[in-house]
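Just so it is clear, A, B, C and D label the chains in written order, and each chain counts residues from 1 on its own.
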Amino acid sequence: METTHQSVLSLYTKTRTFTEKLVETLKTEDFVVQAAKHVSPTKWHLAHTTWFFEKFILEVYIPDYRHYNEAFLFLFNSYYETVGEFHPQKRRGLITRPTVEETMDYRRHVDQEMSRLLAERVGDADIDGLVEIGLQHEQQHQELILMDIKYNFSYNPLYPVFKEQVDASYGRAPELSFFEFKEGIADIGHNGEGFAFDHEGPRHKTYLHPYRIANRPVTNGEFIQFMESGGYEQPEHWLSDGWRTVKENQWKHPQYWVNKDGEWHMFTLSGLQKIDLDAPVSHVSFYEADAYARWSGLRLPTEQEWEHAMEKLEVDGHFMEHEQYQPHSIYKGDGTMEKAYGDVWEWTQSPYVPYPGNKPLDGALGEYNAKFMANQLVLRGGACVTPQSHIRATYRNFFHPQMRWQFSGFRLAEDV
Amino acid sequence: METTHQSVLSLYTKTRTFTEKLVETLKTEDFVVQAAKHVSPTKWHLAHTTWFFEKFILEVYIPDYRHYNEAFLFLFNSYYETVGEFHPQKRRGLITRPTVEETMDYRRHVDQEMSRLLAERVGDADIDGLVEIGLQHEQQHQELILMDIKYNFSYNPLYPVFKEQVDASYGRAPELSFFEFKEGIADIGHNGEGFAFDHEGPRHKTYLHPYRIANRPVTNGEFIQFMESGGYEQPEHWLSDGWRTVKENQWKHPQYWVNKDGEWHMFTLSGLQKIDLDAPVSHVSFYEADAYARWSGLRLPTEQEWEHAMEKLEVDGHFMEHEQYQPHSIYKGDGTMEKAYGDVWEWTQSPYVPYPGNKPLDGALGEYNAKFMANQLVLRGGACVTPQSHIRATYRNFFHPQMRWQFSGFRLAEDV
Amino acid sequence: METTHQSVLSLYTKTRTFTEKLVETLKTEDFVVQAAKHVSPTKWHLAHTTWFFEKFILEVYIPDYRHYNEAFLFLFNSYYETVGEFHPQKRRGLITRPTVEETMDYRRHVDQEMSRLLAERVGDADIDGLVEIGLQHEQQHQELILMDIKYNFSYNPLYPVFKEQVDASYGRAPELSFFEFKEGIADIGHNGEGFAFDHEGPRHKTYLHPYRIANRPVTNGEFIQFMESGGYEQPEHWLSDGWRTVKENQWKHPQYWVNKDGEWHMFTLSGLQKIDLDAPVSHVSFYEADAYARWSGLRLPTEQEWEHAMEKLEVDGHFMEHEQYQPHSIYKGDGTMEKAYGDVWEWTQSPYVPYPGNKPLDGALGEYNAKFMANQLVLRGGACVTPQSHIRATYRNFFHPQMRWQFSGFRLAEDV
Amino acid sequence: METTHQSVLSLYTKTRTFTEKLVETLKTEDFVVQAAKHVSPTKWHLAHTTWFFEKFILEVYIPDYRHYNEAFLFLFNSYYETVGEFHPQKRRGLITRPTVEETMDYRRHVDQEMSRLLAERVGDADIDGLVEIGLQHEQQHQELILMDIKYNFSYNPLYPVFKEQVDASYGRAPELSFFEFKEGIADIGHNGEGFAFDHEGPRHKTYLHPYRIANRPVTNGEFIQFMESGGYEQPEHWLSDGWRTVKENQWKHPQYWVNKDGEWHMFTLSGLQKIDLDAPVSHVSFYEADAYARWSGLRLPTEQEWEHAMEKLEVDGHFMEHEQYQPHSIYKGDGTMEKAYGDVWEWTQSPYVPYPGNKPLDGALGEYNAKFMANQLVLRGGACVTPQSHIRATYRNFFHPQMRWQFSGFRLAEDV
């Protein structure tokens, strides 16, 4: 998502509108609930992304700015400790007021103020930079909205449909093969041209040992083989913390899988569907990805290996814009790298840590990424619920290893 | 609430309509949430009371009855183990579908079927008896709806208003005095004329020792004296389980109380209000009621003492019909017993156990009361959120001792 | 256990010595551990009972008394809030110092001081009264020591033996029959002659309805029938709180039962043993006792019914003095009431509440019983681990309904 | 700790004897308890290290070997899933049998069998290799024994003394300065000469960016400045997971610190002592180390930076052999690197992950390290409770970031 001065306002409008269009099939009730601490109500997402513009731009650049509602500063701050107290994350689903309509009014109000400000301050690089962050942030919440609706709906035995599936197309996964990369010094990280988050840089040298990386992600069909061979009952494949997680949660399959009359199904945003054996497996935790890799005698790639292998490829694939919010089984089948981008986020074996020489943003926005650099792992490539314009080769996503409500799969690697 | 054959249908319609009128100020969002396991979403109450008629009457008396939606049998059964599985109580607030509108449609459907059945089976004593239980049940959920909305709203820092207060009137509590009752055998329990729940009978002899019972409930002003004298910090007043509860929950005042700028306020269904010092204290647990009584050198009455003292009084007072959902400070002031009925449920010191010779109802309705006869205590007299026609001298309400989201206060007693 | 002035010292010495003799087979390691919050290390029991004499007698009656160790006032106070802070109950098993030897030295020190005081103050009624309470307290801890050792040992897969079984004798339970009692006013509670705890009085009138009570407790063999008929899987027999307890703890049989090669065994203080089908069932919770009674179409007796039925019987039976710490299957077989006293504590359906007109002791000893009068139920009759001299018809024991590490069984009753 | 064929038996005897000598001041009771899941009773350590030799050597190399006690295979396996079931870690402190004496007998038995086997199989490289791992393992448990005794004792308000302090000597910390290292490819990891754990290799190239590393660890005095400036109350210094940990546990200072009459003390293995302001701070979690570093505008070193800076230094310092189980304030003061080895383990910012090309050991011993490579961080350099012969430049220790019962401090670093 590149912005130029002249297009800032139109990009702002386009992105904000897209968010609202995304949720237009929801009923009012659907906007409110929160089935676990780590998911948020859609209403909260709509308000929080709006708060972001109000807090970091309007409040700063409009003299004597009057907030839409002072209480929203408390209710819709997510985790920015340095700008004030915030409502406990686990209680977001208990707040029925403001209503959805009032929340949309809050959006309209801030959008108007933003439009006015951007018109007055055309070409202000500071403001444009903040707007860009705000819109990238909005895009991340577009993905979160879909993840969280899926999670919330999954608690309803009626299996609600968020969006009817239109034309699901099916294909066959190419045979598993590997691309090999040589040993040596590689440049990793963002070079500063165009937008990137603070944690993507600086571009820096790293030493890569010779490795091979798979031509495609692991499929549902392959993952079923792991399950059927007893993978979830055999501790020898698992990291110690992972095995404890498996036992405590009685995991026996990826999240959202349901065995119905002996056949594997998956709860999707289009309701319960039969498993597509050739599509990439998704909604697995790092622990499951890692266990599968050990079981198969291989390993996950590091994030540097992944980036080095993929950085020359065009960012193209099955993204949110297709409005089919499931990884699918359409492959190019031409022997080139498949599904590097889109379909599923790919777990790497790399803990989420700062790059050498990295400096977080100044001020409260420094909390955006840096403070999460503990106990999380990096995922790469984007998924079928990620806006295409949001992704690049250097993009680093991150989750705790037991999390699996994100659309996460994985690709195998090995030493040469 | 007495029914005669000719009036069953009209009573049915009146009670069902009243429930819907009760919630007409709610926004759609308000119907959905559940801030704790022990409260339920309004939407769930509306559906569950409907399920009650469908399950226990329509399904039984209409040949080949087709359910409105089979899944609702699972979703809206509360706790009747003997009629099938049910959705976990703690997850009621995660169910956004059926929507409020669909739930109202479910009500209309069942109401139509009920109307038809009642028209066809005028004078059928079995059906009329079940309808009566169903309507008493509906009334209990009318009260629960108000209790639960208050609880849910209390988590919102915006202090939402459920119903604007109209004309709050204030008075002065008469001085505390006691009525004395002689030793001897007393008859306790319901005599079988008119409706009563199974646990109210049989009427039976019990031996009462001489006692005195207070002319009115303990007031907010008196309770503040307990607080200010250190009542919540002094273990000597408290039952052992109560003291642990106080410490674990860091209780320092009744539920819903807020100290704002040095003055005590209370969150009410009409928003945050100043404490009315002369009104009965409410939203105290059994532990707090018991601690206050010990602190004052007195005790709580037994349920038999309460019933014996009040059974000749007319059931009149400050009930739900007044649409002022707070205990108030209007007293008769004529030296007679005050607020025996209405305003606040009054904790007794009596554990909720079966009366001698008691027999629960046959079948699933036997689960209505009997299985809760452990770890709970009896409250008497009804509250400002209870329908007046629902209450009688023998009526037994019950809650666990740490619960306080019900409108519960207490009245003192002592041995002679 | 009756004391007269001349015998106070000898009774003191006898009781204190008996405690030490009781634990002489233990290894040092056995004295230290605590497998759950509600059990205590043997070492703690030895110290706490000693603290009781030091705190309530020596400290009061010896001018300028110097404590053996000031820190023990904190470490060995159990729950007397009004005499000072105490060490958290759940951490008693983490305290290795004082050692067992040092704890025995503490006992010897206090015993010497007590001997001296009792010699100087022969016939002092206040002191004699406190000594009596202290010795009754010591007896209660003798039983607790056995209960807690059994509980702690049960966590060891080696099934340690506390005391080798000597001559286990087996008999046959007489057929179940019932004794009938007439309706009317009965006198219940202790009349003040001889020692009784404060909660046993005053003797007072109560109205009893006609009832029948079983000639013996329910046996292991009968309880197995309940289990085999699906008792633990059928919610209809259970109180609601009980059913939740069953599911959360996955109860399928009484505590300490082990199915070994298809045969029921029980962990005892003499190791793992085959179940004696004719002995009273023990280590069942109130919930299990109540469920069995409902399953069989009967009920548990009230504590008043129990006392009224048993008060004329001699207090004789299978008690701690037999040193066979399991209920056994020896019956008189003469058609009279069997095992009213000894073998197992018998759950009643009566919540533990104060008798009419009851007054707890003044001062800290008022905390001994009164503050536990919530959420517990009364058991009657003593068990095979209770000292015989400790029991009388009016004796009230009490436990929370889910507890079952005590030697608790039950006897059936029914309405006439 | 290098072994040669001729010295295997003598090294075995020396190491095993040292373990027993280490605990000779303990009372029997001290061997038994376990104050938290992550610590173990001393008795368990003595048995588990013995089980290690029995399981991985005697059982394999002695035909028809009969175990000392079959039940010990279950009781004293720590976490080796692939060799069988094991007793739950959190219940190690509930096992009183075998007694300490029986445990010592188990040690003697296995030592005799080992002596016999080693005499028969002099020069057997496989056996010698396993013995070496077993002795390295024994050394790790020597350190764990001291860590765990300290932790267990810390729950006793009597502050027990494990070992009287002999001659505590005090010095002054040199001023903080930094050593600078150039950018370039560095070799990291063990080269295979002499013993190393599987996770220390292979030696491999890595790219280091220019950095500076401090001349000494951060001191208690410096850490107090962080505390006094509000470090524990200011979220901006903390990782998100760290800040949650601080709030949930109400951390306000390092573990074992006690403010007594306004002065900071520390519970040590020699009882409560005044803080030595010039000694390295210890018993801080990764979160605290990282927060301090951010507060001071610097960062922690990576494990590669640490190793590269220290690998040429002699492994010398304040280790377990000094029998003064606290970091001290004696410095060389000659301008060279201080306390690289000994005193405190130093947190690095490096998550514990496998080196490129790393292969865990085959079989069950592959579980020794590899399965812990998630959510933990690397510490380097050894501490005052580590045997000196156990440490080398490439040694990788690892703990979860919230853990702080190990003797952990940290050293600052920065980018050039």
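Here is the rule we go by: a contact is a pair of C-beta atoms (placed from the backbone, for glycine too) under 8 Å apart; a residue touches a chain by one contact, two chains touch by 3 or more.
Keep in mind that what you see is a predicted model, and the values were worked out from it rather than measured.
K.L.:
Both chain A and chain D are touched by which chains?
P.N.:
none
K.L.:
Measuring between Cα centroids, what's the chain most distant from chain B?
P.N.:
Farthest from chain B by mean C-alpha position: D.
K.L.:
How many Å are there between the centre of chain C and the centre of chain D, using C-alpha atoms for each centre?
P.N.:
The answer is 47 Å.
K.L.:
What whole-Å value do you get for the distance between chain B and chain C if each is reduced to the mean of its CA atoms?
P.N.:
38
K.L.:
Where the CA atoms of chain A average out and where those of chain C average out, how many Å apart are those spots?
P.N.:
Measuring from centre to centre gives 59 Å for this pair.
K.L.:
Residue numbers in chain A touching 2 or more other chains?
P.N.:
Correct list: empty.
K.L.:
Which of the chains are touching one another, listed as pairs?
P.N.:
Touch list across chains, by label: A-B, A-D, B-C, C-D.
K.L.:
Taking the complex as given, what residues does chain D use to touch chain A?
P.N.:
On the chain D side, the touching residues are 79, 81-82, 185, 204-207, 209, 235-236, 238-243, 286-287, 290, 349-351, 353, 356-357, 367, 371-375, 401, 415.
K.L.:
Across the complex, what residues on chain D touch chain C?
P.N.:
27-33, 35, 43, 71, 74-75, 87, 91, 93-100, 152-153, 155-158, 160
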